[in-house]
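Consider the two complexes below, in which subunit A is the common component and subunit B and subunit C are the respective partners.
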Partner chain A sequence: MKALWKKYKQNKLAQGIFLLIYIGVTSLSLFLAQKSVTAFLLLLASLLLLYFTSFKNLTKWLIAGVVLVFLLPFTASNGDGYQSYMEVATLVGIYISMALGLNIVVGMAGLLDLGFIAFFAVGAYTYGIFATAQANNFMPFGHFPLSGESFWIFILLGCFVAALFGVLLGIPVLRVKGDYLAIVTLGFGEIIRIIFNNLDRPLNITNGAMGLSSVTPPRLFGMDFIYPSQFYYVVLVILIFTIFTVLRFEHSKIGRSWKAVRENEIAAQAMGVPLVKTKLMAFAIGASFSGMMGVVFAAKQAFVDPTSFTLLESITILVMVILGGMGSVPGVILGAAVMTILNLQVLTEVTNWLNQLSTSGAISIPDALSPSKMQRMIFGLLLILFALYRPQGLLPARNRKYNEKALQKGSKGAAGETIPEQSPIEKAQEV
Partner chain B sequence: MSILEVQNLSKKFGGLTANQDVSMTVEKNSITAVIGPNGAGKTTFFNMITGVYQPTSGIILLENEKLNGLKPHVVCQRGISRTFQNIRLFNEMTVLENVMVGMHTHLKAGLFGILFNLPTTRKEELATEIKAYQLLEYVGLDSFLNEKACNLSYGAQRRLEIARAIAASPKILLLDEPAAGMNPKETKELTQLIKKMRDEFNLTVLLIEHDMKLVMEISEQIFVLDHGEKIAEGKPEDIRNNPKVIEAYLGSGAVHAG
Partner chain C sequence: MFNEVLHTIPQVLIDGLTLGAVYAVIAIGYTMVYGILELINFAHGEIFMSGAFIGTAILLVLTGIGWVSSLPAIVMLIAVLLITAVLTGFLGMGIERVAYRPLRNAPRLIPLITAIGISFLLQDIVRFIAELKKGNYIVTGPSLFTHQLSIKASSVSSIFNDATIKTSFVIVLVTAVIMMIGLDLFVNRTKWGMAMRAVAQDRETASLMTINVNKVISITFFIGSALGGATGVLFAVQYGTIDPYIGFILGLKAFTAAVLGGIGNIRGAMFGGLLLGLLEMFASANLTLLSHGIFGAEYKDVFAFIILILVLLFKPEGLFGKPVTEKV
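This part shows the complex of A and B:
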């Protein structure tokens, strides 16, 4: 058995064939079944399988692209469950983006943030206010709601406004460290929510607890976006942008300085890393993804109110990061996907199933014990189990491996005999 | 020619005076040692130079420019980098990345360049990797490049800290007890390394050390602190025979007895 596994791990062809069969079977069953959550989940799981193959990165991206852009929406579109699948997939995408943003702050820069949902709220309200008649209340000029075409600009706007909020919150908050930082960010997250909840007087900006309803749907080439199956593509594009950005930053000067600050602030500073700037950058970049997704969320729900942005949401995103693996991009993606699906699909399905059983009289379960009501307890248990048995998360963070051979060659090529005297970086740039 | 000048530097922690009116001039390209019994205020002195602590009074001049009030990262940009008495590596990062962080101040990549992976950014990253690798070769850690820093042996961690500090291309390198915890063989290699670095990188080395053999062997100038005050300065042979120094180390009475 072990030998077979070893062989499989080395044989790309076998991996390819297995993956193809797996994707084929699951997508076919999703296509044929009227409503099969299992098939849907199994097809999504093919991406995990793909992650563990030894294909080149580009190949993996292409296959994942094909699955997500064509295969998943197409095979799901055949049954009644289509929109509900796409709704789940869209939410998964939104949560992954947010978790990746929080991962920059918590996982890479080591700043525990318990109020992260605030930036999502900022994005959602940015669009919500101007895409409803709400803005007429306080804007002296212009006519609101803005048209659905403006949505695309608002994605960018949400990104920048959230980043700005990240910096504004960061400046006072980053004076404190460690546990204190967690408490202060928690406070700020709540303050933002409460402000949105109360900003209907004296000037009605957010419409308070009533929320903003009938948000204008996005519009592109004369087509209105109202179905989850349409938002799915918007989310997919932003998600891919997020993942690329995160990976780029992780393996750059900035990513290294985040990790350096996390590992040892004093040493990082002594090596020339500006502490405040580095932390603010983590806050701003992390927040920007949430801001974008907030805009999408507002448009998708067509309704924004403060109850979507509670502390529990902040904690849920944090749990995604911790379960997935702090600092690990693939881990956080998996963590967010698993948590969202668990929350939206598995728990509700199990509840439905138990309900059916109890109505048919097979068993009787009191309503208070239904799994969907025990969401927090289940998440809590999961966290405890992970803390005990797998503290680094599902896919622990791994450092990039540098190619020793190439560096050896580079080192000989660049240096002649020994190391150049001053800064060889500048020298290398001249060449 | 002097490169670093410190005038009447004092540091008080509440009622405790850690440094009292310390003045010294460090010659360019020299290897200078700061010695003294435990708690004499040596590390505090380094911390003031590197901006970790702000002096209570006194001034610090690097090539005649004041360093007082600057943040540690600015001091690093000005050309002073250091190692720490209690090793401070980026433990979860690889050995190579530790050194790459050392080059932070010299990297020009901006947000835009990183996001779009512009050719200049890519080139700079590659050059950074190669220089970091060269520095690892220099301190003999090249075979550990992908190892986590915390997995290195104690002596290797000390050398990695030196490589990281050198990566900032400093004018002055401050070493806080670089030989602490090393065996005699490692200490000997370290002595060679410090000399070699000084010559090849055109460095000025200022070091704190308790290993008197090492200190006497490599330093050209020695400053002695005791109870926060400078009690002596001079060449190794002068310091060795200075009664005040012997008294500080061995307690009063030792001079007469010996």
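This part shows the complex of A and C:
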């Protein structure tokens, strides 16, 4: 058995055939079945299988692109559940992007941020205010709501505004460390939420707890974006941009500085890493992804109110990062996808199923037990169990190993295979 | 305007002291644990909340038994306080054993994450039980002390308005002060208190002096959590209605109080708690007036956070703490 597995691992052709059969079967079942969540999830899981194959990176990206751009929307479009699948897929994309942003701050730079949702809120309100009549209340010039074409500019604007807020938060936070940083960011997140909740007086900017409704849908070439299946492509483009940016950052100079600061601030400073710049960059870049997705979120929901930006949301994103593996890009993507699907699909499906059972009288489950209310318990348990038993997450981060001799010769290809990053706990145990 | 502010002073003082006493006792729990382990016990606010629920549950059960309900309210309160304190004390010890001890040598981020996890878990378990038993997670306890007192502050000076207090205010304040004095004596006068101070100063050296470090840490968690749980009961008695999410904001403010007084410093935490309670009540009573209606009382939470951030930025060692420099 073991030998067979080993053989399979080396045989690219076998892997390719297996993957092809898998994708074929799942997409066919999604195409034929009217409403099958399982088939949808299994098709998404093919991306995980793809990650574990030993193809070249380019091949993997191409296959993933084909699956996400053509296969998934096409096969899902047949059933009744098309828009709800696309809704889930869109939200998965939004959360992955945010989790990747938080991963830069927490996973790479080691700065625990418990108010990360604030940047998402900033992005959402940036678009929400100007794409509704709300801005008429305080803007001396211009006519609002802005037309749907401005959405594309607002994606960039949301990115910059969130980055600005990231720096504004970062400047005072630089003086505090570790646990205090967590508390200050938590306070910052709450402050932002309370301010958005109360900024309807003296000047009505955010419309307070009532929220902003009927946000103008984005428009491109005369086509309004209303359905999740359309937003799916917007999110996909931003997500791919995010993933490429994060991957490029990870092994760049700034990425290595983040990791150095995470391991030991004083030592990093002694090695010439500019502490202030590095930390501020982490905050700004992490926040900017979140801000972009905030704009998309506001346009997709067509409604923004402060209750979408509570501490629970910040913790949800943190759970995604911890679950996937702090500092590991593929891990965080997996973690975010798993958590979002768990939240949106699995919990509601199980709740519906239990409700059906109790109405048919098979068993009686009290309302308090319904799984969709158990979010906090599930998140709490995941945090504790992963911190205790698998602090490196599902797909641990890997460090690039450099071939020293090749580096000395100055030849290319010095960056060889990647090796698993040593978990901090193992390190502590060695000492 | 100044006169109007003065009018409210007696009521602000009374409400502020009550709230401040609650903050102070919870802040002690944060400060003790931080002093010994250098860990922010995020779950402490939830222990306070559990205490409030356990206390209310016991009260509800006791008032249901015929002969017990005829006992004087104060006897009942003391009994409930003691039972709740012991239960939450063990809860705190259990949390330390399960979630913090295995991670004592891990990087500081990791125990903080388990602490958040524990606090979410506790919130949901309490919500779950309350909803199962009562049908709703917002619980109103039996009111023990309904008697109202009126202080004729206007007879002292005409610029003050009269203030009203519930009898429970006196009881909350007295109990909180007794707890604080008791703790102060315990830490400064007893052998175990000495052991605690020793462990806080240097864990390894203390263990060389035949101090059982694990036991001392367990006891610290027990005392801190017992105090927190007992305060929860006082809170429930004073304010009547409780829900599983009170612990978070209140815990955060108590932490602010601990930082304000200098984290690790028990007397500082008491002072910080009282100060923060007074400041917050003053703000919620007068913020609208002072800012000409721009900022309403809704901003009182923001106010507490801003104090926290300012203290951390400009005087991170707090009012009574000693600054520490990090060495390599």
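The criterion applied here is as follows: the second predicted complex is superposed on the first by the 402 of 431 C-alpha atoms of A that agree within 3 Å, B and C clash if a C-alpha of one lies under 4 Å from a C-alpha of the other, contacts with A are read in each partner's own complex, and residues count from 1 in each chain.
As a convention for this text, a residue touches a chain if its C-beta (ideal position, glycine included) is under 8 Å from a C-beta of that chain, and two chains touch if they have at least 3 such contacts.
Since this is a predicted model, take the numbers as computed values, not measurements.
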*asked:* Tell me the contact category for A:197 with respect to subunit B and subunit C: first, second, both or neither.
replied: second
*asked:* Tell me the contact category for A:11 with respect to subunit B and subunit C: first, second, both or neither.
replied: neither
*Report for A:384: first if it touches subunit B alone, second if subunit C alone, otherwise both or neither.*
second
*asked:* Quick one: is A:356 in contact with subunit B, with subunit C, with both, or with neither? Answer first, second, both or neither.
replied: neither
*Can A:408 be said to touch subunit B (first), subunit C (second), both, or neither?*
first
*Which holds for A:315: it touches subunit B only (first), subunit C only (second), both, or neither?*
second
*asked:* Contact-wise, after the overlay, does A:266 reach subunit B, subunit C, both or neither (first, second, both, neither)?
replied: both
*Intersection of subunit A residues contacting subunit B with those contacting subunit C?*
266-267, 424-425, 428-429
_Touching residues on subunit A, where the partner in the complex is subunit B_ = 245, 248-249, 251-254, 256-257, 259-260, 263-264, 266-275, 397, 399-402, 404, 407-408, 410-411, 414-415, 418-419, 421-426, 428-429
*Which part of subunit A faces subunit C closely enough to touch in the complex?*
106, 110, 112, 114, 172, 175-176, 178-180, 182-184, 186-188, 190-191, 194-195, 197-198, 201-202, 266-267, 311, 315, 318, 322, 366-369, 373-377, 379-384, 387-388, 391, 424-425, 428-429
*Could you pull out which subunit B residues touch subunit A in their complex?*
50, 52, 71-73, 76-77, 81-82, 84, 88-94, 96-97, 100-107, 109, 111, 114-115, 117, 120-121, 123-131, 133-135, 137-138, 142, 145-146, 148, 164-165, 167-169, 200-202
*asked:* Help me check something: in the complex, which residues belonging to subunit C touch subunit A?
replied: 38-40, 99, 102-103, 105-114, 116-125, 127-128, 131-132, 248, 252, 255, 259, 293-294, 296, 298-299, 301-302, 305-306, 308-309, 312-313, 316, 326, 328
